[in-house]
Amino acid sequence: GTAAEPPASAPAGAGGKLKIALSNSFIGNQWRVEMENVFKAACAMPPYKDQVECSVFNAGNDVSTQSRQISNLISQGVDGIVINAASTSGLNGVVQQACDRGITVVSFDNTVDHPCGITVNTDQVKFGQQLAQFIVDELGGSGNVVMVTGVAGTGADNDRNKGAKEVFAANPGIKVVAEYSGMWDSATAQRVTAAQLPSLPDVDGVWVSGGTDGVIKAFADAKREMPVFGGEAENGFRKYMAGTLTPQVKGMSIGQPPYLSVVALELARAVIKKEREKGNLTIPFPVVTGSALTPGETVFPDLPDSFFADFTDSGPNAILVLCQQAATDGTPCPGATLSVKLGTP
Amino acid sequence: MRDLQDRLGYLVLAATALAYFAVYTTSLGRPPGSFDYLAILNTTMPLVLVALGQSLVVLTGGIDLSVGGVVSLCVAITAATGGAPGWIVAVVLLGALCGLVNGLVVAYGRIAPILTTLATLSVYTGAALWVLPVPGGSIVPEVRAVLSNPNVPTGLGWLALAVAGWWVLRRTRFGLRVYAVGSDETAARAVGVPVERVKATVYALSGLCSAAAAVFYVATTTAGDANAGAPFILTSIASVVVGGVAFTGGRGSAMGAVAGAVALTLVIDVLFFAGIDPLYQSLFQGLFLVVAVLLGTGAALLARRRAA
Amino acid sequence: MNRRVAYAVAVAAVVLILGAVLSPGFASWPGLRAVLIVASFTGFVAAGQMLVVLVGGIDLSIPWVLNAAAIVLTTTGLGLADRLPLALALAVGAGLLAGLVNGLGVAWLGVPAVVMTLGMNGVLQGLTLGVSQGLTCGDCGHYAPQPLRDLFAGTVPAALLVWLGAALFVTVLLTLTTFGRRVYATGANPRAAYLSGVGVKGVTVALYTLSGGFAALAGIMLVGYGGQASLGLGDPYLFESIAAVVVGGVSILGGRGDYLGVVAGSLTLVAVTTVLRAQQVPEYGRLMIYGLVILAILFAYGRERAHD
Amino acid sequence: MTVVATGVGRAFGGVQALRDASFAARPGEIHALAGENGAGKSTLIKVLCGAIRADTGTVTVEGRIATAFQELSLLPDLTVAENLLLAAPPRGRLGLVRRGRLADEAALVLSRYGATGVDPRSPARDLAVSQKQVVELVRVLAMEPDVVFLDEPTAALAEREVDWLAGHMRRLRDAGACVIFTSHRWREIERLADRVTVFRNGTDVATRERLTEEEAITLMTGRTLGATYPDISGIVPGENALTVSGLTSGRLREVSFELRRGEILGVGGLAGQGQRDLFLTLFGAGKPTAGGLSAGGSRARAVRQPRDAIRAGIAYVPEDRKAEGLLLHLSIRDNVALATLARRSRAGFIRQRAEKAAVSGIAAKLDIGAGRSTAQAAGTLSGGNQQKAVMARWLLTDADVFLLYDVTRGVDAATKHDIYHLIADLARDGKAILFYSSETEEIAGLCHRVLVLREGRIVSELRGPVGDAETIVAASIREPADA
């Protein structure tokens, strides 16, 4: 994985290739690794292989580092910057500078809220709503629900919680009996849940912003009856849904897809090439419900539980389709040409 | 011999600056330009300020982990209020107050600095989350233009002010007392240094620096985030160390820490232009930290041996 | 048993009782069992942290030593029971090795502990991410071998016995052996200890090595608990280990404290967070109260001697 | 009356340092405080100068006070100049300290008080102990106080510097100041003090204008001591225990000598001639650049660190018990047993009972802490008892060679007496002893043979009981014949 090699000293646009860089805020969890891997894989696949020269940078979760790196990208004269930000707001200054120099900036996942950049994301409020609605429906409108939230102080956490609370509040039969942070981390979510469970009454549904497999394990360890789960796209969660892991759980899994980075890449390319107007994009999230999961497509029996199973879209309207090694190794899918369907703006 | 240790920060800065210049020029075929210098200046300012405050505390033999919390809280307030001048004054005062609380607990409560500030870190971070649950907010454009203008190096003026502040501080009786307390607290007390007051002041100053850093942070990024301060804990400590300030207190200079802060920022750029695989990036940052300090002690040791 | 330790145990008891009053179920065995298991992870890392704090050091490399060990375990164990011994040996070996390097850097090269271990944390992060390619490999998908997962089964899980064993080991080591005596001597006055024939450097190296080993043990136990390794596994344990050590009555200046207090400290911290979460205190409130509780505990028995 | 204390009481934890103590001193006198270690002298001074509060009683002190505490209070990282001028540095415009002027101003102060040979730019930590003491005293003198407290000001000083200090004390007195000092050297008290107040167990037992040493010791200890120095003439040195050849290290230059069993070998010379380097190097704590040593018979082996030295049967008792001797907040037992841990252990486990027995035995023998439990922290002991605890540690090692470096510094007369006899007993038992003291008189009185060091070299060797200090001092300053 040495896709980070920046071009030696080629001036911008030399050889007709676009220079697009991914500035990732940090790489301390699996989702980010996958997101980077699929980006690298996409860059090595046609049509990007011939059109784009990619590079990848990480900022160690530090806004000033990321800001420095983006400044350097500006100095390098890249054509486009694809950003997963360390802070929604922290990069506004430098993004403005990039825009001023005519660089196309596309941010995704943890987006930059400066208006001059383009964002690609899923609807986080809807994420919360949809999972909550699923739980409400499964419970027939009444029951005890636990909310396991994410990293406080971030936009995504706030939006997801907001969506969920709206739905729960609209259903008077639903009682939120506990709300605590699992830090979007399976291990933390498991520990915290395990410690909370003994003092919780019967739990009928659990809404999880991230770390779903950890929460399920805590319920299993405590030999509690399995509630209905609405959670993220962790491979482990899906294994439980598919019954690969026992006890089988009933749930809905919605993922923030790692391929957002590829969508952002495509968007950046299209905008630079003037194939597309500037404009934000909201993509639907891949949703999996029930137990009909397809091994190798929506669940991966030999990959880690913490793996995000939605690195590729599936079904007839799939935005893009990637193979497993793109997510695991960052290597291109053999023989395939990548087509990313952005839909009409 | 001791001089060398004292100048560690400047040496490391010189070395990284040279490396930066070299990799930048090889990579892009031209030397860094005014855009780069300005960007470095504006992004480094917050760390420079936090490191400055941290170094004052370390000079007295303490440590301030709560800088992360104070920065977060002050960023939150600045961004939430839009950073009008009146609010900026209030924020800076609040920062000093947070620091003062640390100082009072350390000095009069006689609780070890690392513990006090570990506890208050949690308190201040919580307060920041309370003020600003979602990233956002704004800053008055005029304030931004004055503090960290992206086109004019206004930052230089503020940097000069910080340096001048240290210069003056070093020449007050208080400055001498800071070193006295860090050198040997009991002895300092015995010769009439008001140890408690010095400590309380030093933590208050650290809080004030963190607050100023927060204002700069918001001015540079134009918005706030309740988790903004967290990275400053370890980076400010690293700056202080690379700057040659001894953890035992009494030795080093805040200017060394400032140099250390700039050096640490430049390392990011060096790694960037050197094209390090992102997965391995932290490895090099870790090595840089250890090697920088090792070279400092090694050089000092060599000099001492030669002198002996 | 020294006074601070007695206080630490008392505080743990008070918090547990308070928890039982506030939220029913907390006092049940399942409740206590859950708290004990979660506290055991803190207990393991804090054991190592305490050992280095006893000689006036600190270990900031715990998060990634823990992660590295966890990842080594799963990628070599491949989920097979008969590979478990090998995997355990490699994981513990990795932790010990990292600790050894920390120790050598601190004791022989004279690098300040903060720098050495902070650097080590970065180096290990880079190495682990780079070598494991960020845990995306097919081999990483294996579950912890069954015997390891069985540690957490049953009414009285074997994991707690492992903790008991570790506690006995540390306590016996520190109170009954010549090595323990040398540890306290080194922490109390390294120069005098050296002049009394204590191999101060050797002791220091041994302690950092043990700390690495304990971080690895925590990683192993967490893998057994969660079934798999993940990248964020070690993150919460840096400040948590320090907090547990000080709430446990260990003097941050070195030379004083023992593991019984740290066990109490770990329990206290976990109990406090659990109680706060059970009361549905929002995150910001939880952080603030957590900090204030630590501060209150420090005021109760973490104060240094008066200097009048 | 300038200084009055009546009915003062003060306790530290369980230790009653002062009980119903009264004291008065007037302007224009030099008033000595005498008493055994732990009698409460330092505590009284701290109460009088306001460093600590008394639990009971009243204290009045009039005028400007300056104090030199027993524990030196120089700031190691500050330069000599900064240390001297901390309270009133030279200021320029805006009231800012003129850092460029600091050294010059300090040099002026140092020369005004006749303290030469100290570089004002040097950090205090680089000074020899005696230089530190001199700087500390200059700092106090320069305040030109009305009341000055000097707590064991001469403990680290050589004769010459004692004379220097005596001059200043008299000058201050003659100018009407009240000078209060403590010392364990009776000669100094006799020479300087206009009046003496004797303390015992935290209480003043007498204040006199005239007092003989015998009377004083009886007042201080409640008993009479025999002859000051034990008779060592009956001890016949035996075989070689330590051979030093061409040793060069730090300030030391090509030092060679032999030390025999049963011999007490003194090391004399002015302060700072490399004595400290000699002792540390012999103990493995200093790196020799040339030459070496071999310690007696079969146990000889390379000595690279103190651990090796201990295995080779060498013991080193340091002067600075706080920095180099004791682990203050560990128990007396831990402290005493530290150098012999391995001996009383099985498979790495300490044999607790054996250790307790050994420590209690030696503590009783040396009368450490007057029957205090050995589980108490060593820091609660008074200075003399702390020194005895360090001695006890090394007696337990059964070493053949004892390196005793200024072990009686700051030790009271009775304890000193005990230590002298202890040393003689060691020699009688066939131990070899290398002895240095900042009180040359002790070397003269106690040693079979004396090596005089100057600038790191042995410049002469005095044989047979030397008897008087003057001979040694003369040899220290006389130009060597071949120079």
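When the chains are written out, they are named A, B, C and D in that same order, and each has its own residue count from 1.
Everything that follows uses one rule, which is that a residue touches a chain if its C-beta (ideal position, glycine included) is under 8 Å from a C-beta of that chain, and two chains touch if they have at least 3 such contacts.
Source: prediction; values computed, not measured.
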If you average the Cα atoms per chain, which one ends up farthest from subunit D?
-> A
If you tally the C-beta contacts for C-D and for A-B, which one comes out higher?
-> A-B
Rounded Å distance between subunit C and subunit D, as computed from the means of their C-alpha atoms = 44
Cα-centroid distance, subunit A relative to subunit C, in whole angstrom = 32
Taking each chain's centre as its mean C-alpha position, how far apart are subunit B and subunit C in Å?
-> 29
Could you list which residues of subunit D touch at least two other chains?
-> 51
Any chance you could list the residues of subunit A touching two or more other chains?
-> 1, 27, 36, 152
Going by the touch rule set out above, which residues of subunit B reach two or more other chains?
-> 128-129, 133, 186, 277, 279, 281-282, 285
Interchain contacts (touch definition) - all pairs | A-B, A-C, B-C, B-D, C-D
For the subunit B and subunit C complex, residues of the former touching the latter = 105, 109-112, 114-116, 118-130, 133, 185-186, 189, 195, 234, 237-238, 241, 247, 277, 279-290, 293-294, 297, 301
Any idea which subunit D residues touch subunit B in the complex?
-> 51, 67, 69, 71-78, 82, 86-87, 89, 95-99, 123, 139, 250
Which bits of subunit D are touching subunit C when the two form their complex?
-> 51-53, 283, 285, 305-307, 309-310, 316, 318, 323-330, 334, 337-339, 341-342, 345, 348-350, 352, 393
Enumerate the contact residues on subunit B facing subunit D in the complex.
-> 2, 168, 170-173, 175-177, 179-180, 182-184, 186-188, 190-193, 249-251, 308
Subunit B - residues contacting subunit A, complex | 24, 26-29, 32-33, 35-36, 39-40, 42-44, 46-47, 79, 128-129, 132-137, 148, 150, 217, 220-228, 231, 235, 265, 268-269, 272-273, 275-279, 281-282, 285
